[in-house]
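Following are the structures in question.
Next come two complexes, and both contain chain A; in the first it sits with chain B, in the second with chain C.
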Partner chain A sequence: MPRYIARQLALLLITLLLLTIFAFCLSYWFPGDPVTNSAGIFLDDPRYQDIAKARGFESNVFVQYWHYLQHLFRGDWGVSLLDADPVFEQLQLRFGATLEIAILAMLIAFVPGLSLGVIAALNFRKAADNIILGLSLSGYSIPVFWFAQIAILVVSVHWGALPIAGQINPLYAIQPITGSILIDIALSQPEQAGAAFRSALRHITLPVLVLAIMPTVLLTRLMRNSMLDVLDKNYIISGYAKGLSTPRVIWQHAIPNAMQNVVRELGSLLSLLITNTMIIEVIFSWPGLGNWLIRSIYERDFPVIQGGLLLIAALILSVHVLLNLFHAWRYPQVRKDLYAAA
Partner chain B sequence: MPRPNLYYEERTPSPLERVWLEFRRNPLAMGGLYILIGIVFISIFGPWLTPYGPNQQIADAISLPPAWSENGDIRFLLGTDELGRDMVTRIIYGARYTFAYPFLVVLASASIGMLLGGVAAMTAGVKSSTLKHLLDVIMSIPSLLLALIIIAITGPGLENALLAIGLVLIPQFLHVTRNAIYDEQRKPYVTASKLNGVNDFYLLTMVFFPNIVKVLVVQLTIGLSIAILDIAALGFLRLGAQSPTPEWGSMLAQSLEVAYISPWVMALPGIALFLVLVSVNLVGDTLRIAIQKQLER
Partner chain C sequence: MNRTCSPKLHSLISGLQISAVLASALYFLAACSPARESIPETSTDIDGLMYCAEGNPETFNPQLVTSGTTLDITAAQLYDRLIEYNAEAQEFEPSLATDWHVANDGLSYRFQLRNDVEFHTTAWFTPSRTLNAHDVAFTFQRWLNPEHPFHAVSNRGFPFFHAAGLSDLIESVTAINSHEIEIRLRQQDSSFLANLASDFAIILSAEYGEQLLTAGTPELIDYQPIGTGPFQFAEFRKDVLVRYYRHPKYWRTLAASNQIVFRITQSDHKRMLMLLTQDCDISPFPPARDVSWLRQQPQIDLQDTISPNTGFWAFNTDRPPFDDPMVRQALAHGINRNAILSTVYFDHAVRADSILPNTSWAHHGTPSAYRYDPELARELLQEAGFPNGFTMQIWALPVQRAYNPNARLMAERIQADLARIGVQANIVSYEWSTFRRRLAAGEHDSVLIGWSADHADPDNFFRPLLSCAAKASGNNRAQWCDPLFDELLSAAIASNDPKVRKIYYEQAQEHLAQEVPLVPIAHSIRFQAARANIQGLVLEPYGGIQLRNAKRVHTVPAEQQNEEE
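Coming up: the complex of A and B.
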């Protein structure tokens, strides 16, 4: 196991290094001046000469890359071309907001997704299976940006049950600390904490529910297929043969083993979830990473694109490695395969 | 199972026939197939089927609801949008942008990816784990994000979006082809061909290819579903097809402003997109099940 951890972490480190090289190259690939693209300072700005010097733009690209890395670790990611906000501080706040809805949606997806998958597998090729499969197929094919609009139109506009967009009623002045609105309310303790909390909850409900559909149906499919594989195995038959009750076989033998395949696929599921989070943020005006990134691509705000892409890609890669490690730690037989392959 | 006739003859249907039988057994899959055929027909012959142009504005018919509602007009079966453009016409024209272009792009990137994957699997030098890890990294980043990176460099636009999606899909096909060839490499029939002394090109095209084409077809449907969804999503985010283009995603984006007054302008492109995606996924799933059954035999 330590060998595996070391290997995975080394790979992650190398990949992240490659990622920073890529992000550095972006400032050359974007149209315009590389200093402006990476620092967000225009050519006619009086600070331009100093910034260009600090970022090493007087010598060769290797020195420039070294200075880029130094700036990166110092948290100096340049300023936005649009409103001169420092990119790093803004990204920190928006990162919290993005993680908030993504994690909540994932948590909400787990219980119905897994249980529907188990139910479908136990009723293989019966009515319940067909209904669940049909639901999951349509849930998987529904374009999230369209479904979110329909949900807003029906739930928010037609019924008036929930707010249309935003993070909280703007009347509550919540000091942004982490970016995640629910945690911020708990931390800053405004006068009307209870009411503010309720308002934030009402705002967060619709985006999280819409976002949770995709992971739910994917988990259902994964769990169903994996359960079907496991139910064919000999140890299930032997479990029945030695007289265990059906619930005991299912709960103690089938489900824990079926989870192994599900955990392996969680990484790609999370990638899809992040994509959908970006789209959902745009629709619900959620002040998150994706919303800002997409706006900045539209407005050609290069420092923000550079920083946002770096952060999202780094997040996805790190989560992948963490999931790999968890998978290997939880399921020793996977580890054996890995060593044999290495 | 007891067989009633003594002199029975067991005829094994050909692989293609078995796929067809699998489709016939599942009415939903047949429905998906018919919808796909319909979409292909519409995207080829669309311009001859429609009475109006995609951007032709009819001044006396602005924001008309579909024909079956009270204020509807039979000239416009599914109503008109806020600029007086016929919805049926726009959706039929949109099939080209949302289905046909992604389809062509997927075909192009599939052929490039398969070629590279074949070469990668055949050459001994690239067998190192470097390529595998690199592919793993690229594939772990979601396709839409990769497309966003490319569009950030090239700038918004339908051509750039198509190019971006095409580039993004290549690694996936490369990966699948390479893995499929790896799985086949140890099988006796490959050894037999090698002993026969065939050259690498023959081995790749005549020995491997017919045996891995099933996997590639399934990957093709997966790629198509990703491409359609991503092109529409980029259009929706106003980074793909731009405003007057009747691409379904960008039609959805425009409909945001009038969603409350004329909800059908928003509902229709979404329903069309949903139907296409469901059919592509259904056909892909059925193909996968059919192939799995063939492998189990």
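Coming up: the complex of A and C.
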């Protein structure tokens, strides 16, 4: 296991390094001046010379890359070309908001996703299975923005039940600290904390539920297939042969083993989820990373694009590696396979 | 294998099914339960108004801009002016100045100031005194005097004052005593008081200026503003919101709402949805096609005003081929403005035949100059040396304004019209502040934009828009500088006799019809939608919005209450 951890971490480091090289090269590949593209300082700015020097642009590319890394670790990611906001600070705030809905959606998706998958597998080729499969297939094929529009139309406009924009009723003045509204309320302890919290919950409901649809249907399908595999295994039969009760076989043997395949696929689910989060953020005016990144792509705000890409790619990579490690730690079977291969 | 143990499985499955159904039911209940509280939460829990603004403010000082979005958010909320214009009575009214006196030669204006006007007290500034003549002098010197320590801190210039010629007009601004100020002019100017009553002529705090200079952070004067207005600045999160609180020592009746939040929402459809779902209380510029539908909604109050404005299409006359008047005439004849009126404005506008709105006494329309005639357009292009047309850009403003509710759609219509005379047009758009910056730098070929009246004087549609001074200050969208035109304007404002002025303005409009630096498209109605329980909201024909009397009343309409029970 230590060897495996070391290998995974080394892999992560190397990939992250390659990623920074790629991000660094973007300053040159984007049209325009590389200093402007990386620092967000225009040519006619009085600070331009100093910043070009600080970023090593008088020297060769390797020195520049070295300075780029230094700036990166110092948290100096340049400023936005549009409004001169420091990219790193903004990313922090917006990243919190994005993670908030992404994580909540993921957590919520587990409950119906896994249970529906199990039910479908246990009812293999029966009515329940067909209905669940049909639902998940349609849920999977309908794009998230359409769901969002329908949800807004029905739940908010028609029923008047839930708000459709922002993190909270803006009349509650909540100081953004982490960017995640629920945590920020807990941290800042405003006067009407209870009311503010309720308002935040009402604002977060619609985006999170719409966002949870895609992981739910994917988890259903994954869980169903995985359960079907496991239920055919010999140890299940031998479990029954030894006289174990059905719930015991399912809960203690089938489901834990079926989870093994599901955990392996969670990483790819995450990339899809992040993409969907960006779309949801734009629709629900959620002040997150995606909202900002989409605007910056539209406005060609290169320092922001660079920083945003780096952050999202690093997030997805890190989660992949963590999942791999968790997988290996949780399932000895996997570990054995790894060493056998190595 | 499944089949062998099906009896046993069956109970499990039903158990699982029940639990799954329960789980999902709980899950949806949890999601829905707060919904019941929806109406009380927004209407009783917390005092304040939500105004859905169509864009980010560029700054918090109206002296620096001409953008209506910024003016709406800042001018009447954070600041006061010396005098105000009452459109109904058609006269000037006292505000910070209680009284004013014009010398017989028309060159000297004396203003008496109120002595009970408090500035905002905030976390970053505590005033030690009330407003006095020193503040007024400070405010005027800031844009008049290039040597003033605050003149250049914003890197923006003062587009309205320069374009309207005030910088050259004012000779001196002197404090006579603590509450009297004298402004001396170099020549007579019949639009001077009107310009002082416009949203741009707000009064800043000299004491705050000194504090910032001592602290070495003069640029904060425009970003952490201090004024005398009914609200004081609290917070700005770009793309999200601007927050103001009531100014507790305001010299007039205190603002009716404790708090105002401007939610920044660029899309007009989104704003309308947010109004319907109570995410906004007030929403300016609803989509033109939904205006008649909104009018029928009982929970929405739709207001309109004939705010004199003109939407136009300006050519960058510095750039070939638009430096050739013949090309500009050809393009003017190439577009079908009547079709634009029905598709873009849904007929909530009249066709513009002059840059000056038809409500002005000096209006002189020249319909023939802008007639739709593609044949003539092609001939003119041929004559100008472009038998095969050319490629050009149309910049479409990214926000909705009264004069142009949907510039993108308009640009598409114009694109289609131009294709018929062989001109290929590409549509360009940027985020609002970027858009304005690039426009001021003259990077465009042509632009769809417009102008809303700041005051009732016709001069407001000429000098700030098309004079050489306007070009120098980056507010002349046509980059057009014509000495003859400037002379006509100067002659017009030098007189106080409307008959004489009218003759000059007619000549100026004729000249524009010849030169076509821009094609006027429409004079439109300004709409604003609000929830029906918002009171005290008035839409003035001139200048920005007034929110100090607006508040939400707590009575829920009877039918809604029944639904609740």
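To be clear about the criterion, the second predicted complex is superposed on the first by the 342 of 342 C-alpha atoms of A that agree within 3 Å, B and C clash if a C-alpha of one lies under 4 Å from a C-alpha of the other, contacts with A are read in each partner's own complex, and residues count from 1 in each chain.
In this text, contacts are C-beta pairs under 8 Å (C-beta built on N, C-alpha and C of every residue); 3 or more make two chains touch, one makes a residue touch a chain.
Values in this document were obtained by computation on a predicted structure and should not be read as measured data.
Peer 1: For A:198 in the superposed arrangement: first (chain B), second (chain C), both or neither?
Peer 2: A:198 sits against chain C, while chain B stays out of touch.
Peer 1: In this superposed model, does chain C or chain B come into contact with more residues of chain A?
Peer 2: C
Peer 1: Does chain B (first) or chain C (second) touch A:332, or do both, or does neither?
Peer 2: Touch partners of A:332: none, neither chain B nor chain C.
Peer 1: Between chain B (first) and chain C (second), which does A:26 come into contact with in this model arrangement: first, second, both, or neither?
Peer 2: first
Peer 1: After superposition on the shared chain, which partner residues are touched by A:275: those of chain B (first), chain C (second), both, or neither?
Peer 2: first
Peer 1: Based on the superposed arrangement, let me know which partner A:305 touches: chain B (first), chain C (second), both, or neither?
Peer 2: A:305 contacts chain B only, not chain C.
Peer 1: I'd like to know which partner A:2 touches here: chain B for first, chain C for second, both or neither.
Peer 2: After superposition on chain A, A:2 lies in contact with neither partner.
Peer 1: Considering only touches as defined above, state whether A:46 meets chain B (first), chain C (second), both or neither.
Peer 2: neither
Peer 1: A:236 in the overlay: touching chain B, chain C, both, or neither? Say first, second, both or neither.
Peer 2: The answer is second: A:236 touches chain C but not chain B.
Peer 1: Could you tell me if A:108 is touching chain B, chain C, both of them or neither one (first, second, both, neither)?
Peer 2: second
Peer 1: Which chain A residues are contacted by chain C in one complex and by chain B in the other?
Peer 2: 157, 298.
Peer 1: Sort out for me which residues of chain B touch chain A in the complex.
Peer 2: Those in contact with chain A are residues 28, 133, 137, 140-145, 148-149, 151-153, 155-156, 225, 229, 232-233, 236-239, 249, 252, 256, 259-260, 263, 266-267, 269-270, 273-274, 277-278, 280-282, 285.
Peer 1: Using the touch definition from the top, list the residues of chain A that touch chain B in their complex.
Peer 2: Its residues touching chain B are 11, 15, 18, 26, 29-31, 134, 137-138, 140-143, 145-147, 149-150, 153, 157, 267-268, 271-272, 274-275, 278-279, 282, 293-294, 297-298, 300, 305, 309, 312-313, 316-317, 320.
Peer 1: Can you name the residues of chain A that touch chain C in the complex?
Peer 2: 82-83, 85, 108, 111-112, 115-116, 118-119, 122-124, 128, 152, 156-157, 159-166, 169-173, 176, 192, 195, 198-199, 201-202, 205, 209, 231-232, 236-237, 240, 245-247, 250, 285, 287, 291-292, 295, 298-299
Peer 1: Note which residues of chain C are touching chain A in the complex, please.
Peer 2: 1-2, 4-5, 8-9, 11-13, 15-17, 19-20, 23-24, 27, 31-32, 34-35, 37-39, 41-42, 45-48, 50, 234-235, 237-241, 243, 259, 261, 263, 265, 270, 273-274, 276-279, 430-431, 433-434
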